[in-house]
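Here is the structure we will look at, set down as structure tokens.
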Amino acid sequence: MTDNTFGKLLNVTSFGESHGLGIGCIIDGVPPKLPLSERLIQPYLDRRRPGTSKFVTQRKEDDKVEILSGVFEGKTTGTPISLLIRNKDQRSKDYGEIANQFRPGHADYTYQMKYGHRDYRGGGRSSARETAIRVAAGAIADMFLKHALGNSYQVRGAVIQIGPHAINRENMKWSERHNNPFFCPDAAMAKQWESYLDGVRKAGSSAGAILEITADGIPVGLGQPVYGKLDSELAAAMMSINAVKGVEIGDGFDLSAIDGSLASDEMRAGKSLETPTFLSNHAGGILGGISSGQQIVVRIAIKPTSSILSSRKSINRDNKNVDVITKGRHDPCVGIRGVPVAEAMMSLVLADLLMRHKAQCGFGDL
Amino acid sequence: MTDNTFGKLLNVTSFGESHGLGIGCIIDGVPPKLPLSERLIQPYLDRRRPGTSKFVTQRKEDDKVEILSGVFEGKTTGTPISLLIRNKDQRSKDYGEIANQFRPGHADYTYQMKYGHRDYRGGGRSSARETAIRVAAGAIADMFLKHALGNSYQVRGAVIQIGPHAINRENMKWSERHNNPFFCPDAAMAKQWESYLDGVRKAGSSAGAILEITADGIPVGLGQPVYGKLDSELAAAMMSINAVKGVEIGDGFDLSAIDGSLASDEMRAGKSLETPTFLSNHAGGILGGISSGQQIVVRIAIKPTSSILSSRKSINRDNKNVDVITKGRHDPCVGIRGVPVAEAMMSLVLADLLMRHKAQCGFGDL
Amino acid sequence: MTDNTFGKLLNVTSFGESHGLGIGCIIDGVPPKLPLSERLIQPYLDRRRPGTSKFVTQRKEDDKVEILSGVFEGKTTGTPISLLIRNKDQRSKDYGEIANQFRPGHADYTYQMKYGHRDYRGGGRSSARETAIRVAAGAIADMFLKHALGNSYQVRGAVIQIGPHAINRENMKWSERHNNPFFCPDAAMAKQWESYLDGVRKAGSSAGAILEITADGIPVGLGQPVYGKLDSELAAAMMSINAVKGVEIGDGFDLSAIDGSLASDEMRAGKSLETPTFLSNHAGGILGGISSGQQIVVRIAIKPTSSILSSRKSINRDNKNVDVITKGRHDPCVGIRGVPVAEAMMSLVLADLLMRHKAQCGFGDL
Amino acid sequence: MTDNTFGKLLNVTSFGESHGLGIGCIIDGVPPKLPLSERLIQPYLDRRRPGTSKFVTQRKEDDKVEILSGVFEGKTTGTPISLLIRNKDQRSKDYGEIANQFRPGHADYTYQMKYGHRDYRGGGRSSARETAIRVAAGAIADMFLKHALGNSYQVRGAVIQIGPHAINRENMKWSERHNNPFFCPDAAMAKQWESYLDGVRKAGSSAGAILEITADGIPVGLGQPVYGKLDSELAAAMMSINAVKGVEIGDGFDLSAIDGSLASDEMRAGKSLETPTFLSNHAGGILGGISSGQQIVVRIAIKPTSSILSSRKSINRDNKNVDVITKGRHDPCVGIRGVPVAEAMMSLVLADLLMRHKAQCGFGDL
């Protein structure tokens, strides 16, 4: 992961700004002969699309992706796949005021100081709009993994907390995610979030969230110790998503507080050495940086949207004090639309590591 | 960060196993003319050295580092610096039993399944012994940063929680860390940990910990969005440390629960645009993946040492159920010696990003 | 340089096929505040454009480049720059026959065997059409170098041999390149090539070429020994151009045959240590992999276009013998249009190494 | 290939100076379960060892390699393999004079200007002594390829020209290489070189050479277009060897002069699509950057040793004119000992590309 390229073998290089001509990426290293078309990618994008409920930004983008290369007669050719999404609904005039002042919590100040010149419209490159293209790239990784690992493979994400309101894990049903606009797996909590977020929205404020992303059907062996560990790659991937401020694997921070005798996951023999029974999964499916064959479990903390309607103290480019009110159209809780993005990053990490594993360990007994 | 190489411009490639001939690394990309000698590196290593108190492993290693290349007449030459620490006190006989069985919570099972052949002695490559060489490499990064950034630069780490016992932040004094064997900045809590860990040790169990690592004197501008963000690189670096299961930046997971109006850090004009006053630091010194000039704040969760003396259920290489008792000499709380390691990773990330920033943004007005 | 990405700090990832929707690239790492627009890039592309004389392919492409990102108000922002050239004049029907048979000398057979699925139209990804986007990327590198190094910097390329006919170096005048369709710096030889290539074209055959590319105004110090040597990077860059089969630096192969006392370049003191006088330049401006401050000199050998109208023995996908006649529109000598491509690669290598040098050696006395 | 790391998946990071404590490397990515020991590597090193005849340097180094990690019970474990060769016979006093003056043709001037501080003894990092460790690393790549590709796989190198004296290809017998100290495959020419080099040596001068390196048994499909082409990687690898100034693939520069109808290699059907018969091999076994299944053929030009006993004009660090006579012990023709080095680089490139191919194309029909 360096600068604008993510991944080592299956790698994604992205481009684009919030209010520029569009966003896109080149995905290199995709295996050949994978069925692929715009039609297959679109459903992934639709899950992240803005404007789908009152709890996300009202910007209208159809997020139609165009495949510019790397696919021939409906299948990948092994050459780079370029994806392009043209921006449609840029209302840059909303941003005239921020050309010369820095919105607190945003990247306005740091981009200005780092580069000396920035596309301030809608946050430019620092906007979460860039994550749409991650979802498109992640779709390809997901489809590759489905073909390579079979039906038991599955990546799923959910919002498990919004503001101070966490789901009740006993009520957790993955299928419930599709029945509410929050990717919430707890039907009762979804109701509660609705009224909570209505309040937040009306107050001109915003809320944070915690997301959980899991992967099933991952074979033992993925992860390249010691610096390309599966948990390390996941942490980098998740922390690269806008507004994410924390990542934990398995029981994460809670593990710090419990006794060693309770912390590790005991094993019992299964049908084969590849399929033992683990009596718990505190480690989140990763031991020594390598997948154990258990479910991979990651949780991420997302801060409240920094763009809020109440006035905030800041400075401008002339180094004068100013008060900033962030207009524009914003998600009251960016965490919600973060779900498909985090799923995409999970898929991209796993696909890349599957290929790296294959490269080194795929030669059998030498 | 891929496999055994960490960093892009200032990069470290490490090698070695717990009970092999030794551990070492090659550090490439270090700027020339930096004063360097074994004598300058050794104090960093001494802080992590085993056998220094009853709360860490009793393995006796003097951890004397040898510089094999890249330094001439006391200064770096810009060519690769190779560091070597010979192992001394390998008691591999302690590990005979684990050749064929898998210790729960350890990487025994995953290494065996990934590679089909492993050096099981003391965990081999998966042992935290590897982290000694990170400390040596981090020492070089730290010295480079001191020269490049000046006296305000400082990286510091502390243990802020062991087991369920967190420090009282009102009592926090960085200087206090040097007065106890726990890198604890709260004198009263250090006392409490002493008796708590005595109990843990006598019970043949282990404890987890939470560490906080900060960096001061970091100029605005470090971090390469969107995938080489400062927080992303830090997360990868920290999560690559053995037993780390969680990483957060600034207020981290707590940020998810608070109102948006409280979450972002307001600004007031300072002497120059480079030195504004921030009214808070919820973001931990990073905005949009780029350092803001504030203190960088990272916290990591470390799970309890998996090697404990009580019997644990597991399987062996013949896929039979077995009970495992882990002998050998172990840290009752690996988090303690994690402090200099986490500091080293912080320094390595910052040094690498400083060079990457210089490369792209060091040409002035074009 | 890996797969479809070229360069370490200033890196280019390209995509696209000869008869797909278009070709393009993402250039990451460009310093901010560099003046940039389509208008500034276009002249570089026009030098390589097809259809400009009867000695190059008659395919009609206007090669208009579109900047999709990374530029705001006429200047680079330091974020990735995406370039797109839509294909216009794809006559894919010319290629129906090669769907199932392999043109000798082309990549048809190797792509089919490597990937199992290929876009055969016009050679797909293996077509020299991809080089148009290198020219566009190289234009940005060239403009960056002009700003960073000043007026003495200059990259120039010329054809110095076509078929068996080499220029007379005593007649060599760089300015002459602009007066003929061959980038030939020897007016008399240009005339000769015209009649020679007319004959080749009419015979339905093709001709090879040797190109020379030089760089002036390059300061001493560029190149990263030992595997990122300037000559090593140049060799990789040049050999990645379609049809190139040989690369030499300075006197190259001729150096093998001369006496050691004649081979190295003696020095005399100049105004400063940075500007010595070299009494010769056998080494082509590179010593130990690092630029010496002299003119950089590279020569490359380009094989004759493999697409010729005479019948050639080959096989098809059913492993049957076939005779192949390559229709379509082709350059009788691909070497000619290779000049702007090779110049672009030279600029890209130099810009990348300038940034790598800055990153490591730009911190002054530590 | 960047700075001191070579390769993407099977990568080698080297360190060490001519007169430092030693040279070494870390090889990362080697597949597990490959039989490996010092005893297996040593024969490769012995072929390159100094002091074996009067035609190579008289420095006495036994070049005994020590494996520090990555091997357990005689087999690789998939973790990084560190190799170390301690220097023995450093006669640094021979080099006192060059501390402050620059030997023409050497890297003294460029290292000084790039880094501002250099280990001048024996050329420091720029010395060909570094190539010993490439040979050791290449030995591992070669053994891996033998296991992975089987008995038909073979990499061979020979000197085919010394000074102006080229072998007669009709007399070429690979086995003859072992019967003379020149790796010469032409018995008659070996005799002639002996007297020629005697003259060169006595005159205090030196000679250049041309080497040919081939690889047999390479399957179709290795090489990652468009920037990771097999020929591009080979060119970079070969050009990174000290004193190499030219690289060509197949017929190389000669291809520029011949007619297109003679340049490409016609095909006839063989037993299967994987094993066609090519009627010639002008392309040196590479089409479109991908191995064709034919013999890979590379030739490299090596300049005469720059260290000669006759006086040469130069300057010193005070920017004064000086006359330099290079004492020390030197190869009259460095090309000779370049053979095992070039073979090693060939093996390293092929092993890396085999793994990269496996990673992307090893998943079968998706």
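Note that the chains are named A, B, C and D in the order they appear, and that numbering of residues resets to 1 at the start of each chain.
Just so it is clear, a residue touches a chain if its C-beta (ideal position, glycine included) is under 8 Å from a C-beta of that chain, and two chains touch if they have at least 3 such contacts.
No experiment lies behind these values; they were computed from the predicted model shown.
Enquirer: Look at the interfaces B-C and A-C and say which one is made up of more C-beta pairs in contact.
Expert: A-C
Enquirer: So, comparing C-alpha centroids, which chain is the farthest one from chain A?
Expert: Here the answer is chain D, farthest from chain A.
Enquirer: Report the inter-chain centroid distance for chain B and chain C in whole angstrom, where each centroid is the mean of the CA atoms.
Expert: Centre separation, chain B to chain C: 45 Å.
Enquirer: Between chain A and chain C, what is the gap in Å from one C-alpha centre to the other?
Expert: 39
Enquirer: Can you list every residue of chain D that touches 2 or more other chains, as numbers and ranges?
Expert: Where chain D meets two or more other chains at a single residue, that happens at 3-5, 14, 29, 32-33, 78-79, 114-116, 125, 225, 356, 361, 365.
Enquirer: Taking the touch rule as given, give the residues of chain A at its contact with chain C in the complex, in rising order.
Expert: Residues of chain A touching chain C: 3-5, 11, 13-17, 20-26, 28-29, 32-33, 66, 68-70, 72-73, 75-82, 84, 114-119, 124-125.
Enquirer: Of all residues in chain B, which touch chain A in the complex?
Expert: Touch residues, chain B against chain A: 1-6, 8, 14, 102, 104-107, 109-111, 113-116, 125-126, 130, 161, 163-164, 200, 205-210, 220-221, 223-229, 231-240, 242, 244-253, 255-261, 263-270, 272-274, 276, 279, 282-284, 287-293, 301-306, 308, 310, 312-315, 317, 319-321, 335, 356-357, 361, 365.
Enquirer: For a test of understanding, state which residues of chain A touch chain D in their complex under the given definition.
Expert: 9, 29-35, 78-79, 144, 147-148, 225, 355-356, 358-363, 365-366
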